[in-house]
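You will see two complexes here that share chain A, one where it goes with chain B and one where it goes with chain C.
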Partner chain A sequence: MALANVDIEEYIGEVIESSTSQFVAESRELNGAPPFGAFVKTGGVIPVYGLVYNVCTHSIEPNRRATAYGLTEQELRDEQPQIFELLKTEFEAVIVGYGDDRGPRQMLPPQPPGIHRFVLPCAEFEVKALTNNGDFLRCVLSGNRLPADDLIIASVRHAWAARAFDMPYLVGIGKDLCRLIRDDYDRLSSIMRRISQ
Partner chain B sequence: MNELWNDLNGRPIKDLNNGQIGVVTKGSLTEGVEMKLNPDRSVEDVKAGKFVVIEGYKNQFFSMITDLSLDATNPDILLYPPHDGDQLLHSVLNGASTYVTVALRPMLMLEAGEEVVDEPRPVKTIPSHFSKVVEAEEEDVSRVFGSEDRDDRFFNMGTPLDMDTPVCLNLNRFVERSNGIFGKTGTGKSFLTRLVLCGMIKKKKAVNLIFDMHNEYGFQAMKEGNSGDSFVKGLKQLFGNQVALFSLDPASSRQRGIQPDHEVHIAYDQIAVEDVVALQDELQLNPTASESAYLVAAMYKNKWLRQLLSVEGPDVEKFAEEIGANKSSLSALHRKLKRIEGFPFMVTKLDGADAVDTMMDYIERGIHIVLEFGRQTSMLAYLLVANILSRRIHEQYVKKSEQYYASQNPADKPKQLVITIEEAHKFLNPTTAKQTIFGTIAREMRKYYVSLLVVDQRPSGIDEEVLSQLGTKITALLNDEKDIQSVLTGVSNASGLRSVLASLDSKQQALMFGHAVPMPVVIRTRNYDEEFYRAMGDLTEEEKVVKAEAASAALFGD
Partner chain C sequence: MLDFGVLKKQIDLMAVDAKTMQDDFFARIDLALSEMDRWEEPWETLVTKIARSRTSWLVADTSGPFTEVCSRPERPAKLTVIAADGSQIFPDRHEIANCFLINVGYVVLHYGSSERPIMSSEPSLFYEEEDMYHEWAGKRSPVTREIVGVKRNAMELDKVVSLAAQAKEEGRTVVGLTDGTLILWMLEGKPYDFRRETLQTTLNGLEQLRQLRVPIAGYISDPGSADVVNGLRVGLCPEQPPDCDRCPWKAAEAQALLNLDGEEQQPEPIPCEPIAGVTDDMLYARKLKRGERSGVFRSSSKILEDYGPHRICFFYVHTGWEIGRVEIPEWVADDCELLELVHITVVDQAEKGRGYPVVLSESHERAVVRGADRDIFFKFLKDSFVKNNVKAENSLKQLKKMAATV
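== the complex of A and B ==
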């Protein structure tokens, strides 16, 4: 099922770095990045699906760092609006799948997403397709430099919300997780506890 | 919210998975097969003795659940079990890290669509990994055990655990061998016996001779119940003219409101030495005393007992010298046999027909006989009478069988006779089994058309050889390890049945296994109530009137 044309009005970011297993995008608005653990996709004929694992805000110039002014945000916007032009928010996402004519697939894409492609939030059906079983957890657990436990908690909560907090789904995902980290019962119980909080 | 958790934690959701309860994970032919219970099934719904079907690739394996166990993949889970309120973790672990293993014993193998006719095929192979295990359904039960509609030889004995389909006994195969009904006191052996007897009478598979020690089978008997005691109908009431009541104690019978068809008397001359030898244990005779009896018989032939009992006091010793017997053992013999004189049914000379001749006459006509003992409930009376009558009947049967073998004329074929005895361990304990007629009958199987129905609460007291000759055993709850072991003598794959036997309910549940059922099965016995009476053809008063009116209208016109 080919994606409908990208609606430029809705995009939330633009890809600035990309590789087969992850991409970095600059968010359209400062502090307007998709939430940690959210599912996003890049536009284009072959959308690439990612799971946001890091959001950071810093100065656009690598050598200059922001400094403290001691003013509230409203006062800053009134008195020093230009400093906001010098900051940008970026988010990094680990790739969890891509879409072809049969819908979202939980595999790494043949080609990484193109630079400057727009990034949009995933629709509900896409989130459900990507989180249908526990396979996406395997991606999270095997990634490097990922905050695995917290990412699992956040992504499962998003997937759960997409299903209107259906309890049997949560139990099913819990069982898949259990198989993946069966040796570490403490870790499993901590994660399950925090998911359902 | 709580209900949701209950469903997730294993309250069975019947619509899911079409009644599948698990998949086969491990197993061997000798030790049975193991399956992992589906997480959506509660372990408490799976009971030992339940009947399930393993759907293999080519065959269906009809199996019984013999054992259940709980396992966990990680010992840490057992050290830090989830809190009481932590339902989510509990559900997550259920089936994934903690699981239930159920041990199954395949008993019977059938190809798809096949039905059991007479000989079931033994299990020669096992199902493959991950074969589906489903609960047995009605069709499965009637495929394996037959149904009353299908054929006349099947008789409904009850239903399997947690199901409503009738489980049938193959009566043709039942009467081919001697059989046993066992169970602790109070577990319902008498009801099981009544069921089986009614089956044989209704379907006319054999003629029954019942030695009714406690006056339970002939006319009505007391039933223990929650709502006070009530009465259940006896064989005479259910089957009318097809059953004849003989009584050893007519006065007692009449006092209970029954008019016996015949009174039984026994003449002293009818007692042979073998009959006394059968009483060895009961009378505590040592072997020399029995030898002495033989010596008396050698001299006086069939008047030996009368002669022995007629001497008194010091004459006994002189008598001993005469025949060359040991004095003290003969005195002991004399003293103990004196008790026989006290029985009111013993007579010097018979007037009227010989009881055995009358019985044979009835048996030949296909009429069943219940012999009541009235107040003569002493073990001695029971043993003596049962032995004498059975021995003589057996003699006659041997003659008739041999006549039939010679002539091959179907008209000469003797009717299959089933003799029911209670307290069988008194007749068939290892010492007496070799010497009494009942041991002989049990060993002969169907050669002379006589077989036994043995009812007992102490099977460990019965000789092992006899136990292994019993074709079908119907067992209610047994506690004693020795009893359980004896009942399972000679049964293949007994280990699984052992745990099932020990887990039976104390009332109205029994395990049937052996020749007459294709595979062992636990049943909830059929209720012995109005519905049963009607099924046996007994009509209520109104129905009898209607029937009589219809009959007279047919005969005489309106």
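== the complex of A and C ==
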């Protein structure tokens, strides 16, 4: 199921919670989550595209908390190898689109991604298709519990990097942002300043 | 429902008794310690006396002074520690079906190589006629909790053996640990054929480990045993040889009780009594420093007569947190290299686990079947029975427990 059209070597996580607007994935490797603001997609017949807005690492069992050992990571791997099996990294993504036979579309999917679907990083062409205008920023601004400003900054920088830091693209996105946050000048200028840092 | 009002008074009384006992104990421990030191040099005399004695308690046998202390050895840089622990859902005739489940959790931790450990569990469901009924000494009886426990122990040992064989094949230095005693106490007084079958399984496992030269040790936390103290009690006995069945002091005490109406005469105190109640861990808590172990003793348990080369020996170790008892087969005790390996592994494991061997606590975590798991198990069972058109119902007693009315 999850293996359909997915290169098993490439996957970075697996969906463990899913809804129409967001999904949570368990990272394949401990501390191996995609970066904040990165574009990811789920495997399956209809790929669902998401923007990573939260990463956390914690104990796999709710009643067992991690405690400090005072050892370096190498020392821990040598002398306390079990702890790496008792921790997991999860990342949460807000859904910004899905794919059909015409490629990525900037709208919510008809069905949420299936549980246990693999999660992969988006290819450059997919990032470009999802960010060719500022519509994806609306998903971020309208989402619940999202660190909206920082997510805009990180995602725009990823989109800009996919276009080899093309200046005219950044200017276009800047104009879109002006339209979206026109009523809060201080916020807008902070975002703009930090994107171009 | 507990009546805490009534219970609280009993708890308070218990605490007062415990306090009195504790105050008295310090003097007893001091005496036991001085007894231990007294026998340091003529230890052979004490060992001979123990060998000739007939006591009602278990007495440690040794081939060195009781005062022997061994310091902490060096751990090999690369080491693999294996443990298996089991948990079960006992057969319950009030439940949907007559069956039981054993879940064996196992852990293989490789130290010094940054390799990923193996941490997993394997459930097995038992429901067939031969699992649910046994015939011992010509009597057919349904499986009991005790038999499930015996089966569980055998499965744990099997798992350790197979993991040890695999690790050994990969050329590793391996130590196996189990939680609790290696002495099958529960076999005492059991039907002969049950004893033979259970022993055979355990001894087969131990033999395979011996062939692999993988030391196995049972770790007992907070041991209540007093084998060593009992040895010192033999030392205190003026009788030659000591024989508890013919103890003149006990006889005098009994006589004094009978002569209540007659002349009041205080019987002489029993000579071995002043250190009675002291346990070996209390003694060694004063004797050992962090990381050190006691000498190796042979257990005098009757059941061990059938153990052959796997006769269980034991030593006490100061883990830094407590005095633990470590039980090992004789072939481990006689092999200096394996004995040192067990000693350092136990100390190192307890340090890593901050008080209790990490490999044991992790295998317990893999094994444990919690209340919620039990409920899911019976739900699966019920669903599967219903799907297959098999009668599935709880007993009325069980139903009443689930929905008690007023």
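Note that in this section the second predicted complex is superposed on the first by the 193 of 197 C-alpha atoms of A that agree within 3 Å, B and C clash if a C-alpha of one lies under 4 Å from a C-alpha of the other, contacts with A are read in each partner's own complex, and residues count from 1 in each chain.
Rule of thumb we're sticking to: contacts are C-beta pairs under 8 Å (C-beta built on N, C-alpha and C of every residue); 3 or more make two chains touch, one makes a residue touch a chain.
Remember, predicted model here, so these are calculated numbers, not experimental data.
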Worksheet item: Given the superposition on chain A, are chain B and chain C in a clash or a fit?
Response: fit
Worksheet item: Hey, is it chain B or chain C that touches more of chain A?
Response: B
Discussion item. Going by the contact rule set out at the top, does A:Glu79 touch chain B (first), chain C (second), both, or neither?
Written reply: second
Worksheet item: Once the shared chain is lined up, is A:Gln106 touching chain B (first), chain C (second), both, or neither of them?
Response: neither
Worksheet item: After superposition on the shared chain, which partner residues are touched by A:Ser59: those of chain B (first), chain C (second), both, or neither?
Response: neither
Worksheet item: Looking at the overlay, what does A:Ser21 touch: chain B (first), chain C (second), both, or neither?
Response: neither
Fill in: Angular separation of chain B and chain C about chain A, which is computed from CA centres of the superposed model and rounded to the nearest 10 °
170
Discussion item. Just to be sure I read the superposition right, which of the two partners does A:Asp183 touch: chain B = first, chain C = second, or both, or neither?
Written reply: first
Worksheet item: Tell me, in angstrom, the smallest C-alpha to C-alpha distance between chain B and chain C in the overlaid model?
Response: 49
Worksheet item: In the superposed arrangement, what residues of chain A touch both chain B and chain C?
Response: none
Worksheet item: Where on chain A does chain B make contact in their complex?
Response: 167-168, 170-171, 174-175, 177-179, 182-183, 185-186, 188-189, 192-193, 195-196
Practice prompt. Enumerate the contact residues on chain B facing chain A in the complex.
Written response: 4, 8, 39, 73-74, 76-77, 80, 82, 86, 88-89, 91-93, 95-97
Item to complete: Would you tell me which residues of chain A are touching chain C in their complex?
Response: 61, 74, 77-82, 84-85
Response to the item:
Residue positions on chain C within touch of chain A in the complex are 107, 109-117, 119, 352, 358, 362, 365
